[in-house]
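So, here's a batch of structures to check.
Shared between the two complexes below is subunit A, which has subunit B as its partner in the first and subunit C in the second.
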Partner chain A sequence: MTRIFLNGREIEVAADTTVLRAALDNGVYVPYFCWHPRLSVAGNCRICMVEVEGKGLDIACNMPVSEGMKVLTDSDEVRAARKAMMQFLTLNHPVDCGICDKAGECTLQDYHFAYNGAPSISAEPKVRATKFHDLGDRILIDNERCIVCSRCVRFTHEVSRSKALGIQGRGDTSLVRCEEGRRFDDPYSDNVIDLCPVGALLSRSFLYKARVWFLEATPSVCPGCARGCAIRIWHLRADRRLQRLDPRRNLEIARVTPLDDPAVNGPWICNKGRDLAAIFERPRADQAMLRGRPVPLAEAISEARRLVDGAKRRTALVSSWGSDGELAAFRDHLAARFDVRVKPDHVPQPGEIVEDDILIRADKNPNTRGARALFGERPVAFEPGTDLVLVWGEGFDYSRVPAGAKVVLLGSYLAPENGAADVFLPISVQTERDGSYTNSDGIARRFEACFPPGETIAHAADLFAAIGGRP
Partner chain B sequence: MMDLGRRKSYWNRPTLGLWERSYLPEVLRGLAVTGGVIARNLARWLTFRKGALTARYPEERRADYAAGNRGKHVLTTRPDGRPQCIACMLCATACPARVIEIEAAFDPADAAHPKHPARFEIDYSRCVFCGLCVEACPEDAIRMPQDVPDLPSHDRGEMWLSRDHLLGWCPRSDAAKPYPPGPAGGGEGGSL
Partner chain C sequence: MRAFEKRLQSFEVTETSHTLAAYRSRGGYGALAKALRSMKPADVTKEVYDSGIQGRGGAAFPMGRKWQVVKPDDGLEHFLCANADEGEPGTFKDRWILENAPHLLLEAMAIACYAIGAHHCFIYMRGEFDLSRRRVEGALEEAYGAGLLGERILGTPFSCHVVLVRGAGAYVCGEASGLLSSVEGKKGYPRNRPPRLTVRGLFQKPTVINNVETLSNIPWIIDHGAAAYRALGTPKSPGTRLVSISGHVVRPGVYEIPFGTPLDEFIYEDCGGVTGGRALKAVVPGGISTKVLVAKEIAGLPMDHASLDAAGSSLGSGGMIVIAEGTCMVRLLQVMLRFYHHESCGQCTPCREGTGWMHRIVDRIAAGRGAAGDIDRLIHVSHFNDGTTICGLGDAAGYATVGILDKFRDEFEHFMAHGRSRCGGSLA
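And then the complex of A and B:
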């Protein structure tokens, strides 16, 4: 341990830490742009300047602590240096905040108000650079907004290791660009959008979709693979619901960002997690049916109950997208009368990365581990004489249903087999309920509901109680 | 720390003098004011002139709105006729009644104005005509000219006015911006 004096307060810090980390860990905020806790130190933005008594100003992010050093983070010299640095960083900045998707969560904007606040003192015209330069299929870059902090470059070199990005040129003509002849095709590319302290890197799917202060974030778990990354699902705030514009936007996922969970994913997620809207916003099945005939939900439930009670040999294929609570409800109400098998709802799609050594896992279901803990690991198969199959979720090949067996299907999305099932019951999806998933490492994490389910849609846990509970 | 021992002093201390506090003379003075107005209006009515009669809005409009009157919004245009608005949504953010809904669109072809409002809707059944949207706008893209809003309707749904309507109507009182010329020409058209 090393003893340092932070603004006159004596603190003990680890000997191998930096002044910036020591200050942040001890509740003293020192501003930073280029430093990031999970990336190497670049030391190029110079906003983290602090004063060491007797030694003058230097950057805190690259300053090792030493015994007895006296650090001032808010002296007059430091404030003046920060202000000068902010003037410099905004010298050629277009101040596009009105049309910048980062506005509201932009570090440059926040620091301008906190540490500068003065208009530019430069009389020179601003240097122009490319706007909306096409980096790849997912990301545009506005080079005028870029402060060349190199976080995005370091991310592709140190975390995703695609080495896709670099900086060309020097001084005020520096440009963040893809490696020559290459598109920004990194499977983790969208993390640089969050990482960018300004609004230079723009998501094509979120471009001009909403001002961020109209959105709220619900903590959730990405169901894209068995890693179960902690995420935030952003959607319109309840008090910002649209009345005149397309009301479907009120129930849409505006964007997905990572939620820092050191035990699971750290501050990153892969691009599949960004595209959850493509999974959850497929056309939904919201009508209960008996062999394709629409019926009220209550009638479908009593028919399902009659079929289950009347069958002799029953098999259930439970969903590996069910939450721990739903799986437990199935165990409590129905499992005793069924031969239960855990079914993979999703398998890797053509072109999808199956597995890598960063985050992506081969099992494309969020709760296989939780389901297997309750119902074992036996593969999907049918014992001879099976006369009722209960299918929960997707990913089952209906040609495998034993001849003559009745099918009770619980599903969320429109599919041809819904109409062929003897009973079809529409169920909610993850964004419409609370629950938890147990990831492949056995770590359980909770997710919360973002939207209310439709009136004709039931939660699977309630259906299990209604079908299997005592009359 | 707040000093709890001392009483707060308010800015509106009682300022009535002896004359006001003697009550009756002031009451009589008030009655004289209202009585005078009644007498004047009655005299005008008896001589077939128009007194303080209520205008039969919307068939009848007053010509003399107060200089600071805030009427139905105008969206201003750039010289090429496209909206000045950059869809920054600060007006929608500032609006206390939450009645402005904007859908932004991206136009890569227009380098100076890549973001513009594809839709811009205001619900006049809930607008409180506070003018905060006008104050919030960094682009002078929305104004509330003095003219009366032409709004009555039997249906709440019809009280949502959209982008093209707000861009296109030509108030008499605000000729500062070249609005698209109204039916009578020269930007001096009717209120709709």
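And then the complex of A and C:
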């Protein structure tokens, strides 16, 4: 441990830490742009200047602590230097916050109010740079807004390791760019959008879709693979719900961002997680049916119950997208009467990354581990004489149903099998319920509902109780 | 010229004076043999330390102290780099060595490697240097052929390999850490210190970076001893140094002079004075990153680090620029700032934005559109560029600007008030 004096207060900090970390960990905020806890120190933005008594100004993010050092984070000199850095940073910055996607979450904007707040003292016209340059299929860059903090570049060198980005040119004409002839097609590319302290890196899918202050985020878990990354699902704030305009927008996922979970994914997620809207917002099945004939939900439930009670050999294929709670409900109410097999709902799609050593796992289901903990690891198969198959979720090849067996299907999306099932029961999806998944490392993480389920849709856990409960 | 024994320019430059044969005939590689056969690495470092020699690249850091940080036997790999990326405007003295005495540099590097326990060293050379490249390449071939470099040099257990690396032409690649980034194959961005490069430099290994001229003094020091070296120059700045002089001077060129030589004596006696018989207006003493001195400040001013510091400037990289009366200082600052703006690597905020800002303000003044507050703005930007940047380029831009504004503010005010130069906008 090392003893330092932070604005006169004596504190003990780890010997191998920096002044910036020591300050942040001890409740003293030192502003920073280029520094990021998960990236190497670049020390280029120069906003984190502090004063060390007897040594003058230097950057805190690269300054190791030393015994007895006296650090001032808010002296007149520090304030003046910070203000000057803000002047430099905004010198050629367009400050078009009104239309900038980062407005409301922009560090530059926040720091300007906190540390400068004064009109520009420059009389020179701003240096123009390229607007909306195409870095890849997902990301554009507005070079005028870039403050050349190099976070995005370091991310592609140190985290995703694609080395896709670099900085071209020099001085105030420096441009973040892909290597010549390359595109930014890194499977983790979208992290740089969150990482960028300003609105320079823009998501094509989110650009001009919403002002962030009209949105709120619900903590959730990405179901894209067995890593189960912690995420935030962004959608319209409850008090901002639309009535007269297309109200379907109230139920849309505006964007997905990581939720920093050191034990699971750190501050990153892969691009598949960003695209969850496409997974969830498929045409929904919201009508209970008996062999394709629409019926009220209650009628379908009692028919399912009748079929289960009447069958002799029953097999259940449970969903590896089911939450821990739903799986437990199945165990409690139905499992005893079934030969239970855990079914993968999703398998790798053509072109999809199967697995890497960063986050992506080969198992494309979020709760295989939770399901197997309850129901074992046997592959999907049917014992001879099976006369009832209960299918929960997606991903099952119906040509495998034993001849003559009845099918009870619980699903969320429109699919041809729904109409062919003896009983079809529409169930809620992850974004409509609370629960948890247990990831491939055995770590359970909770998710919360963002949207209300439709009136004709049931939660799977309730259905299991209704079908299997004692009369 | 005052009589003294030259160390670097001790021979007549001819068609063949750069060759191994010529170098050997002058006693070349004797110091290497002496060091390898009769001295321990620590003895070499001690000799260098005792000589008091300071770096000739601009910062004037004592060479021996830099070497001492690297422990030859700490079990780590060490590197040496010769900084041959001479890019400070007005400075071209290292080129003289590269072109005329390449073996001197190679011998020096082998000795330096021996002292610091390095077996691989690099010459990082400015890409534009063509004759220098050819001469150094030729010298490398000769030295390897003669067993003066490579494995088991001169039959001793010591091995040393020298690699010539050519830069693509950026001022910051002459900054020690930017140079290393470039050698490593990365963009020539300077690095933050700590760690010091002698602790973690090239490929994260302890690395010594010395300027070409600095290194080139080593063989002489080993041959003649530290005391003999100290006999020339001043107590605090021992030895001789190369000065490249250009601008409005009758005999521009590269001169070797002892530290302490009076500046005006050097300009008027050694270099023939100001061209066209004009009066001297100012002198940039050591490359454009050093503060300009006006004529009356240089009278009798000894050229050594302490005296120049006391005069508010510095000896810098040894590139002296003579400025005759009639030169427009607004235009001069404009040219200087164009350089800094163009060469800012763009890594750190104040330099990236500040050099361009200063350049544009002065551009506007020089276009006759100066506005109230411009000078204060320039000083403001200079102030925050100085000392807040990663490397010295930002500092230098601010330093040079404030230097000119301090001494020639009236010229700027005149330009702003009348929309034109008091000196006809001339740089000639």
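The definition used in the following text is that the second predicted complex is superposed on the first by the 471 of 471 C-alpha atoms of A that agree within 3 Å, B and C clash if a C-alpha of one lies under 4 Å from a C-alpha of the other, contacts with A are read in each partner's own complex, and residues count from 1 in each chain.
Here, contacts are C-beta pairs under 8 Å (C-beta built on N, C-alpha and C of every residue); 3 or more make two chains touch, one makes a residue touch a chain.
Predicted model only: the values in this text are computed from it and were never measured.
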For this session: In the superposition on subunit A, see if there is space for subunit B and subunit C together, and answer fit or clash.
Result: fit
Exercise. Just subunit B (first), just subunit C (second), both, or neither: which does A:Leu245 touch?
Worked result: first
Problem set entry | Partner chain in contact with A:Ala14 - subunit B first, subunit C second, else both or neither | neither
For this session: Return first, second, both or neither, reflecting whether A:Asp172 touches subunit B, subunit C, both chains, or no partner chain.
Result: second
For this session: Identify which of subunit B and subunit C touches the larger number of residues of subunit A.
Result: C
Exercise. Is A:Ala381 touching the first partner subunit B, the second partner subunit C, both, or neither of them?
Worked result: neither
Exercise. Should A:Gly98 be classified as contacting the first partner (subunit B), the second (subunit C), both, or neither?
Worked result: first
For this session: Tell me which partner A:Tyr208 touches in the superposition: subunit B (first), subunit C (second), both or neither.
Result: first
Problem set entry | Superposition-derived minimum Cα distance between subunit C and subunit B (Å) | 24
Exercise. Looking at subunit A, which of its residues have contacts with both subunit B and subunit C?
Worked result: none
For this session: Please give the residue numbers of subunit A that touch subunit C in the complex, ascending.
Result: 41-47, 49, 56-57, 59, 62, 64, 80-81, 84-85, 87-89, 91-92, 121-124, 127, 147-148, 150, 166-167, 169-174
Problem set entry | For the subunit A and subunit B complex, residues of the former touching the latter | 98-99, 131-132, 207-209, 211, 213-214, 239-240, 242-246
Problem set entry | Touching residues on subunit C, where the partner in the complex is subunit A | 170, 187, 192, 194, 341-350, 352-357, 360-361, 364, 371, 373-374, 377, 380, 383-384, 387-390
Seminar exercise, completed: Per the touch rule, the subunit B residues reaching subunit A in their complex are 86-90, 92-93, 98, 101, 103-106, 108, 111, 114-115, 119, 121, 123, 138-139, 160
